[in-house]
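One chain, chain A, links the two complexes that follow: it is found with chain B in the first and with chain C in the second.
On to the complex of A and B.
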C-alpha cells in the first residue's frame, strides 16, 4: 500500500545513516590522525610547493591532494584540522546546549520572576553583535582552543534558551502537566519527568545544529586569524591561506572547504534524522 | 463536617477582574455534586482553585478551602501539593492533551504511585492492570505499552479515569470529562465514571454545562452565574421545582427530546439584568 509514513521513514533513515556515517568517518580519522595522515602536516618543503592533486599533470603521487604554497600536504592538514573542528564542535556544542537548555527550561516552565530575569538577560545578550563580541573576547583572552570554545558558548547559549523556553512554555500549558501537579509531583520533578522528554527532540536538533555552527565559527575565527596559533592546521586557516593563491592552486582552498561543508551538512542532517527517531508519533 | 468545604472563596485576575465572588460550596464524603453554569461562570475555576492549578495570571483574594479538615490555602506550596495529591484527583476535559505524548501509558499510571506515594513497582503495576480492567479495557497488556497517540480519545479518557482512581482518592474533580468526546462515547464514559464512583464511594465534583448529564450522574448541584452561587439544590428538587428564576430559565432553554419542535427559550433579559445587578452588588460590597 502507498503509505506515506513508510516513505517518510525510509528517507529519514537514509539521511540519518549517511550523515552519521560521514561524521563517524571524520571522527575516526581525527582520533587516529597520526596514523591516518600520510605526511607530517607541519613539514614544509619549499621545493615542492603548490603541487596539484594526484590526478592532475605534474603531481607528486605521494601528496594525494597536493600541497600548499609552503609545500605542506593538504590531505594531512585536513585530517589534523578535523581534530580541532570536532573538538570544538563537541565541547562547545555540548556546553552551549547544557547552559542554554537549562536556562530555557527553567524560564519556560517556572515562568514568573525566573522567566523575567532570564528573558531580559537573553534580550540584553542578543543586543551585542556576535562577531564583534567573539573577536573582542578572543582579543582579551588570547587565541587558543579554550578561547574559541568559550566564545561560542558565550555567544550562542541564547539560541537554545529562547527556543527551549518557548517549547517548555507550550508544553507547560498542557493538561498532563496540570495532572502531574495535582498528583503531587514537585515543580522540579514535573520539569524533568514530564516536560524534558517532550522538548528532548528539539534539544537534539538544536545540539547538532549548534555543532555545525561551532565548526563554522571556528573556521571563521581561523579565517580572520583569531583561532589557534597559525602553525596548527585548521580548516578555516587553510581556507584563508588557500584564498590568496586560488588562481594558482585551487586545491588548497577547495578541499578544506568541501570537507567543512560536508561536515556541517552532516551535523544538521543528523539532527533532523534523530528528531524523527525520537518523535513517538513518527516512530 | 463535609469532606470538601469552600468558604467565601474569591478569585481574581491579577489586576482586578473578579472571577469568583465569595463562593461557598460543600461536598460530603461520597457525594456527587454537579457544578453548572454558562461559559465564564467560574465553574472550572473552582476546580482549579481546589487542585492548586490556577493559571499564573489568577490569584486567590480571600476565602478558605477545607479539604478533610485542613484549610489548603494556609499550607505552604509543597505540603499543599502533597495533601492534594493524596486526597484528590482530576479527570481532565481534554484526553488528547492530558497524557504525556512522549511516555508510554503504563509508566504514566504507575509513575505517580511509585514516585509520589512510595509504592513498590510490582504493586503499582498490578494496580494499573486491575484499574484498566475496571474501566473495561480488555487488551490491558498492549495498552500499557502504547504511546498515547496510538489510542483513541475514548480509550485515553478511560485511562485517565483509571489513573484518577489509582491512588484511591477521596475526591475527584471531573472537569467536563465528556466535552471533547463524540456523543456515543460520551454516554459510555459517563456510565463508567458513575459506576467507578459508586464502586469506590468517592466524592465527585462534576463540572459541566450540560444539565442532562447532571440529571443522570449527580445527586446535588450548584448553579453559578458570573462567579456567584445562584442556587444550591438536590438534583430531584432542582428538576422538579427550581427556586431561582435563572435556574428556571436554564431548564427552559434545554432542548427536550419529547418535543423536538418546541422552540428553545433564551434566558430572559430581566433575569440576566437581575443577575448582573447581583454581581455588581457583590463587587460593591467587596470594594466598599
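On to the complex of A and C.
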C-alpha cells in the first residue's frame, strides 16, 4: 500500500515536471519568436510552395519543416502561432477564472436568490452546444483576438462556477465557518478569509485546465476560419489548411497538430498533477 | 406523490431553460453585423427590393415584436423559412438530424464498448502492467478533446494507413434506395450491407474521435466503482463459493457497480452531441452541426435559431431522461 502511494507520487511528479517543462519551452519560444523563427512567418514564395521537411527528397534545407501552399515556412509559423495560442490561454483563462469563480463562490456561500439566479443561468448555458455558441459569438463580435477571448469567457465561466459553487457549499456547512460567523466576522469577510483559501487549490487546477481548453477553442475557431485574419499564423489556421491538402502535403497538418496536441496535453497533465499534489489523501 | 412533484418541478425548470436559450439566441444573433437579405439578392437589386424582402422575412419590425411572432410560430411548430435555402427551417433541420443522431449513437456505442472492456480488463488484471497501461491510456484520452483525436485519426487511418474515408457521409456516386434519412438503420433493414459498409467506413472515424474521451471517462469511473465493490463481503462470499474471478467480476460486482457510470454516461452524452458540431465540420459530414456552422457563416438567422433550439431540446431531454432513469433504478429515491 505504502509502495503504491510512493509510486503514484513519483509518476505524478514526473508528469508535472515534463508538462511544466514543455509549457516553459513554448512560452520562451513565443516570447523570443522574432529571434527563434528562422524565417518571416508571413513571407510568401509561390515558387517554393509545399516543400517537404528537410529529411525528405526534394526539400530545401532552409525550410526545416517544409512550406505550405503559399511557400510560407511551417516552422516559423508554428513559432509565431505560439504567441497567439499562449496569449489566448493566459488572458482568456484568467478572466474566465475570475468571473466564474466569483459567481460560484457567491452562489455557493450566500445561497438564497443569488444561488437560484446563478444556478438557472448555468442550466441555460449548459443547454447550448459550446462550439456552436462560440462560432455564433465570433460571428456577432467579428473576428479578432479580443472576440476570441470574450467568447471563451462568456462560454466557459460555468466550468468554474459549477465546481466552485459546490465546493463553497461544502465548506460553508463546516464548523469552522460557523465559528468564524459566531466570532463576528461579516459574511463577505468569511467568504474571502475562510472559504476562498480552502477552494483556492481547486481554482488553480481549474485555471490550468481552462488554459488548455482556451488553446483548443482558439484552434477550433481558426479552423472554422473565424478567428484572426487568415494571414496571421495560428495553429488552428495551419491545421485547417493542412486538412484540405493532407494527401499532397502531410507536413502542413502534422507539425502544427503535434505542437497543439503536446501543448493541450501539457496543460491538462499539469492540472491533473497539481490536483494530486493538493490532494491531502495522496500527500 | 413526492416523485410526481419532483418531476413537475423538473419540467418547469426545463421549460424555463429552453425559454432562456431561445431568448438569448434570438437577441444575440440580431446583433450580427451584415444584412442577410442584401446577401441573398443579386448585385443589381435596388433598395426597394431589399426593403420588400426584409419585410417578407419580418426583419423590419422591432426585435421584441419579432420574438413574439417567432415564438408563437415555434409553439405551433413553425420555425420560419431559411434565408439561404428558402425552405422551412423545421424540414431542413429534420432532414439533417438523422445523420447526427446516427453518428452520436454509434459514438456512444463505441465509447461504452471500449470503456467498459478496458474497465473490466483493468479490474481482472489489477496490479499488473496491463492495468497501469490502461490508466495511462485513460489519462491521455481524457487530456485531449474530440477535435484533436479526430485530426489524429485522419492522419493515422486516412493518410498513413488509408483504411477509412475521411470526408462525407456516404460515397456520392452511389444510388440510394432510402426513403428516410436514417441511412445506417435503413441500409440494415433493407439488407443492403454493401451500403452499410460504405456508411460505416465514413462514420467510424468521426465516431471514434467523439468516443475516445467518453470511453476514458467510462473506463475510469467503472473501474473505480468495481474496485470499491470488490472489497465488499458478498463478493468475498462468491469467491469462497468457488466462482472464478471473471465470473465474480461480471456476475457479482458489475451489476452493483454500474449505476454511477450509467448516470455519468447520460450527462457526458450531451457533451458528445455538442462535440458533433466541430467533428462533423472536420469530416465534412452532412449533419446538423455542419449545417449550423454554414448557417452562422451565411448569417441565416431563422436557421441558426432553429438548430440551436433543437440542440437545447436534445440536451435537456437527455438530462431529463437520465434523471428519470436514475430515479427508476435507485429504490432509495423512489421511496424517499
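Convention: the second predicted complex is superposed on the first by the 270 of 283 C-alpha atoms of A that agree within 3 Å, B and C clash if a C-alpha of one lies under 4 Å from a C-alpha of the other, contacts with A are read in each partner's own complex, and residues count from 1 in each chain.
Everything below uses one rule, namely that contacts are C-beta pairs under 8 Å (C-beta built on N, C-alpha and C of every residue); 3 or more make two chains touch, one makes a residue touch a chain.
In this text the structure is predicted, and so the values were computed from the model without any measurement.
Superposition note: with chain A as the common reference, chain B and chain C can be accommodated side by side.
Of the two partner chains placed by the overlay, only chain C lies in contact with A:139; chain B stays clear of it. Of the two partner chains placed by superposition, only chain C is touched by A:216; chain B is not. In the superposed model, A:149 makes contact with neither chain B nor chain C. Of the two partner chains, chain C is the only one touched by A:129; chain B is not. In the superposed model, A:97 makes contact with neither chain B nor chain C.
Shared-chain residue A:176: touches chain B; no touch with chain C.
Contacts of A:246 after superposition: chain C is touched, whereas chain B is not reached.
More residues of chain A lie in touch with C than with the remaining chain of the pair chain B and chain C.
Between the Cα centres of chain B and chain C, as seen from that of chain A, there is an angle of 90°, stated in steps of 10.
After superposing the two complexes on chain A, the closest approach between C-alpha atoms of chain B and chain C comes to 15 Å.
Interface of chain A with chain C (complex): residues 120-121, 123-124, 126-133, 135-137, 139-140, 142, 212-213, 216, 219-220, 223-224, 226, 239, 243, 246-247, 250, 253-254, 257, 260-261, 264-265, 268-269, 272.
Listing the residues of chain C that touch chain A in their complex gives 13, 16-18, 20-21, 24-25, 28-29, 31-33, 139-140, 142-145, 147-148, 151-152, 154-155, 158-159, 166, 270, 273-275, 277-278, 281-282, 289, 292-293, 296-297, 299, 304, 307-308, 311-312, 315-316. The residues of chain A lying in touch with chain B in their complex are 111-112, 174-176, 178-186, 189, 193-194, 197-198, 200, 280-281. Considering their complex, residues 51-53, 56, 78, 81-82, 84-86, 88-90, 92-94, 97-103, 111-112, 115-117, 147, 149, 160, 163, 167 of chain B touch chain A.
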